[in-house]
Amino acid sequence: MHKMLRDERAWAVALLLLAALIPVVAPMLDSPATVGLATRIVIYAIAASSLNLILGHAGLVSFGHAAYFGLGGYAVGILYAHYSSGEPFLGFIPGSNDLLVTMPVAIIVGGIGAAIIGALSFRTAGVQFIMITLAFAQMLYFLFVSLKAYGGDDGLAIRRVAPVLGMNLRDAATLFWICLGLLAVWLFLMDRIARSRFGRVLAGVRQGERRMAALGVRTYFYKLVAFVIAGMGAAMAGALMVNYLRFVSPDMMAWTKSGEMMIMVILGGLGTLLGPVIGAGVLVTLEYTLSGLTEHWQFIEGPILLLVVLFARGGLMGAVRRLAGRRVPAPEAVPHGELPQAQKPLGEALPEAVRHG
Amino acid sequence: MAEVPVLSVQHLVKRFGGLTATDDLNLEVLPGELHALIGPNGAGKTTAIGQIMGEITPDRGRILFMGEEVTRLSAPARVARGLARTFQITQLLEDDTAEANVALAVQARAGHSFRFWRDASRDARLLEPARAALEEAGLPRARWALPVADISHGERKQLELAVALASRPRMLLLDEPMAGLGASESLRMTEVLRRLKGRIPMLLVEHDMDAVFSLADRCSVLVYGHCIACDTPDGIRHDPQVRAAYLSEEEAV
Amino acid sequence: MALLLEQLLNGVQLGVTLFLLAAGLTLVFGIMGVINLAHGSLYMVGAYAAAVAASATGSAIVALLSGLAAAAGVGMVVEYVVLRRLYARDHLDQVLATFGLILFFNEGMVLLFGRQPLFVNVPEALRGTVRVLPGVDYPIYRVAIIAVGLLVALGLYLLIQRTRVGMLVRAGATHREMVRALGVDVRLLYTLVFGLGALLAGLAGVMTGPILSVQVGMGEQILILTFVVVVIGGIGSVRGALFGAVLVGLVDTVLRAYVPGLLRQVMEGSEADALGAGLASMGVYLLMALVLLVKPRGLFPAHA
Amino acid sequence: MTLNRRGLLASGAALGLGAASLARPALAQAAPLKIGMITTLSGAGGYIGQDIRDAFMLAMEMEGGKLGGTPIQLLVEDDGFRPGQGKQVAERFMKNERVKLLTGIIFSNILGAVVGDVLDAGGIYVSPNASPSNLAGKECHKNFWSVAWQNDSLHESAGQLANNLGQKKMFILAPNYQAGRDALTGFKRLYKGQVAGEVYTRLDQTDYAAEMAQIRAAAPDGVYQFHPGGLGISFLRQYVQAGLLSNIPMTLASPSMDATTLAAVGDAAVGINLTSQWNSDLDVPASKRFVAAFQAKYNRIPTFYAQQSFDTALAIGAALKGTGGKVDDTEAFYRAMKPANFESTRGKFAFGANNHPIQDWWAIKVENVSGKPALVSKDRVLTNHGDVYAAQCKF
């Protein structure tokens, strides 16, 4: 029993089951809008969890994750726009308002986007990788801002979505349960991947690229595949967000959104199963609650984030585990002062060479 | 010579800015041989290992492994051909257990890792060879399940060796496996290497001369990146050039 | 021709402003290894302090000094209270913490000075335009900004190349561990370097005050561009920051000025303008991506 | 009249970590009518939201916490300039607080995320600012009202003013977003002269030196630019610094030259022409009362945004008077709202077929009034002007 309580997976199952009750409990407490809040949290949890695969498990700091979130969203939005106008996209791809069509398209688009951006970005490492992923995300952001046909900065509204398997997506509870179900599936996948051979390679990439090379592992394609999976997860979340908001705008791929996702992951706990979920829940709820208390909510939120960094290493999951008396593995995603990967062997060789002279 | 050397380094040169770290280095390791590479601090031993492994690109010269040129191959490609190394400063996955570190090496050897489903920590195909390697490297069984961050320095050195062994190498490059070890730990490591000797050819970089002279079949002496002598341990002991090199080092310090 | 020249001057002026921000950021980045998202907040603090001082006293000198003092002071306090605890942490913790600082500073400015944008007048002596070349009239104030920026670049060069502090700064950027090992009071060095970076950011804020509107959020608008400059130039390299900044300034300005016109040759007017504006915005990021793909460590890497 | 702040409602509700904590008790019988105001209070646009909120509250205060005789409880919340957050706030207003009547949004992208939900749920939205063309035309709705202006008509009036001023060759600029593109389209609709150059700036742009050089090179008779809020301040100041204002006159629409902008630009703004549906010096009794009360309470000159919000409150008040304070019957609300039976600060005000304003547009000039630059009203530019999209609107 005690062992079960320590297992993150057991907690995840319990949390998801409890969450499933929200649409039942919320109206009883005269707070039906809580369902919408919870939907938003669940969607961000999927996005944050997808980012966690590369950020937490593989230690690859992507500062452009919102790009895939937005790509997924725009895939749904653009297909809907063509559905409602009746003109096919690019002259031959018919539009759609059916989530069973748009969601897979969104996931594929997100995956392709991540594959292209990742293939180029993984030529760099360290801080340069952070910045190049940001650069690509910004390029996409400005591209969508300037796409007049799809609303530009003002975005696209999605008015009528087809029911999915007889379920009405306009019903808040139904949409919430769909999102929650997908979160459950996603977390299950993430858990499998983290424990698989593939996941072991990612853990190796995080802890020592040099060791991985000495083991004979070409990390490039593992990193790229992880990046693509993460991109697909973010795109799925983006598609859900657009279904929830019934609206898509470039705001979804702004750099601040990428930052928010990173903060969710770090806040919750890097490389943990539940960390991103908790992080998303706490951040969204915190903003929601504080902005209801005072219009100067950012003045309070800022120091709270600061305190979490200073005093809760390993994020909230780290704090929880410490309270539970468990050792916290603190994954150093980008070790302080680390040299870019290409220079590392030289880094070790140099002192010897210097002493030589 | 009838035998094809396992490793042949020919006229290797590497410069860092104005410093010549490797200066026309020639070196051969024969099948079954334990070849020691010694020399004063800063002689360029680690740089040489880095080039043999493919982590540092030499400016000039050739490296042949099993008779085939590997000078332009990447480190992973050389590993695939059977090279493995240990690090002077241990490069281990600190969050993982000792067993998981070795299992990852087994996994890397077992082909691609694009396997997303099965729990690697319960995969007997990884665990059994990993445990065999741990056994071979002499790491006490009780330490296998501990995170690397929690085991001692000496045990980490043994774990480094186990990781290298797990990739079933055709040759081992050992970069100061005894560095920082206590006397009894050094002896234990010497014994482990002695058991491996003959089965796997080894290039051993080491400062512990007792260990070197008791283990090595031949020694090469590196000074300022250049090999000044290559002989049996006895021959090296009495080589005037070597004595001079070590003495001048003493004076300089 | 005159138009192109004026556009190039504009690019240099933007570049010089970016340089003032990037120089501090790149030193902090290179020496302490800290990603400081709140660097833009120091720029904002400088601009606000100068604006408030200017409207209270009407003196440009007082405004300048207040802006510099406020930015450097706030910078050093931030270093002492917060960043000092983050040097040993990974970049992600730094990102989260300094993001928290941004929220704090932005809303703090709202609480102190309200939401209305503040404004500063161009000092009397620097009003009007000057004929820099036949047919090219250019605002004196912008010429002054370029001059100040180049003087600062020269000053930084002398400081870094010719003084003991500069020697430590250089060594710190390339061999961090060595400086620590030399027994230098690294803490003091860090605080001073951070203060210097904040001072330069404050100077940028003070100088742009009369051009732009001084408002909450002004730091974030320029922050990302500053990071682009730092990465293009090579982390830790002040020289790289100067080249990167001028390059980014020129590319941004020239693309903005000429891309829509080029597109108009091939497509309908308003479509061309809309797309052109988007493409011009992408230009700087495209530049960074290209630089990194060719030279993954930037143009002038300090850790060579 | 209170500025109600939501309690810790639903704070612990994240994913069932704890069920919603402090639920509100059922509403008492004589509870005031709740109006939900979603507006932008943080970031660079924050000062606009502040004016919108303050003016609405002023209208309530002048009637003793009531509008049209109905006691009002105004719920105000920041959208953080984020569509998602705006939608979240709207959802909570409607579901938890049972709000039927919403207002306050400034930016059209946030309106886009919010308005569909409000209307689909049978709610009413009265816009004090954002009024994009789709909601005036094809996607118009019986329960969507604009008390500001349809985007285009704002700029049509400026185009007409440029004609009146005899400017034959204009250089026009706006940020590259929907409202910016609408602005230039609208301007060109009534402008009869030649367009010397058309430039889209960036929404996050702060330095316009490159554009100044282009304007100088094009040597037009005049410049028309639409840059709301802080953007406009930067643009104008740089225009002055570049020495352009003395050579090339500028024509504007009101969002680019509100009282805040004028204060920021100062004396240099003298001579600028603009158009607006209202100005603080209009010889309209309701306007004079509003300006005096606003200045007395907040110690600043009200912006156009403030006036729009004030009129929004008055329009709502008139409708509430007609329905006896009820908003549940949207048909009745529509009938009571449509005649616009309120004393608008603009003097004349009517709703067109698409629930958007039909109003007069004024030419305004920045002049020196007793040593300080001020916005001085001149002639009517357009009379009873609606918008072109009304024809496409069918309820």
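All chains are identified by letter, namely A, B, C and D, in their written order; residue positions are counted from 1 within each chain.
The rule is simple: a contact is a pair of C-beta atoms (placed from the backbone, for glycine too) under 8 Å apart; a residue touches a chain by one contact, two chains touch by 3 or more.
Everything numeric in this text was worked out from a predicted model, so none of it was measured.
Participant: If you walk from chain to touching chain, how few steps can bring you from subunit B to subunit C?
Facilitator: 2
Participant: What's the chain with its C-alpha centre farthest out from subunit B?
Facilitator: So the farthest one, by centre of C-alpha atoms, is D.
Participant: In terms of CA centres, which chain lies closest to the overall middle?
Facilitator: When every chain is reduced to its C-alpha mean, the one closest to the whole-protein mean is A.
Participant: Whole-Å distance, subunit A centre to subunit C centre, using C-alpha means?
Facilitator: Going by mean C-alpha positions, subunit A sits 30 Å from subunit C.
Participant: What's the distance between the Cα centroids of subunit B and subunit D, rounded to whole Å?
Facilitator: Here subunit B and subunit D have centroids separated by 73 Å.
Participant: What's the distance between the Cα centroids of subunit C and subunit D, rounded to whole Å?
Facilitator: 34
Participant: Identify all positions of subunit A at which a residue touches two or more other chains, and write them in rising order.
Facilitator: Each of 145-146, 148, 152, 297-298 in subunit A touches at least two other chains.
Participant: Two or more other chains in contact with one residue: find those residues in subunit D.
Facilitator: Within subunit D, the residues that touch at least two other chains are 41-42, 176, 181.
Participant: Quick check: what residues of subunit C touch more than one other chain, meaning two or more?
Facilitator: Residues 106-107, 110, 274, 277-278, 281 of subunit C each touch two or more of the other chains.
Participant: Give the pairs of chains that touch; include all such pairs.
Facilitator: A-B, A-C, A-D, C-D
Participant: So in the complex, which bits of subunit B are touching subunit A?
Facilitator: On the subunit B side, the touching residues are 16, 18-21, 41-47, 50, 53, 55-56, 74-76, 78-80, 84-85, 87, 89, 91-96, 100, 103-105, 107-109, 113-121, 123, 126, 147, 163, 167, 224-225.
Participant: Could you please specify the touching residues of subunit A with respect to subunit C in the complex?
Facilitator: Interface residues on subunit A, with respect to subunit C: 55, 61, 120, 123-125, 127-128, 130-132, 134-136, 138-139, 142-143, 145-148, 152, 255-256, 259, 262-263, 266-267, 270, 296-299, 301-306, 308-310, 313, 332-337, 339-340, 342-343.
Participant: Which of the residues in subunit A end up touching subunit D in this complex?
Facilitator: Contacts found on subunit A: 15, 18-22, 25-26, 29-34, 36-38, 40-42, 45, 145-146, 148, 151-155, 157, 159, 170, 241, 245-247, 249, 251, 277, 281-282, 284-285, 287-289, 291-295, 297-298.
Participant: Looking at the complex, which residues from subunit C come into contact with subunit D?
Facilitator: 2-3, 6-7, 10, 13-14, 106-107, 110, 114-119, 121-122, 127-129, 137, 139, 141-142, 208, 210-213, 215-218, 221-222, 253, 256-257, 260, 269-270, 273-274, 276-278, 280-281
Participant: Write out the stretch or stretches of subunit D touching subunit C in their complex.
Facilitator: 41-44, 46-47, 49-50, 176, 181, 184-185, 198-202, 204, 206-207, 209-211, 213-214, 216-217, 229-230, 233-234, 237-238, 241-243, 260, 263-266, 300
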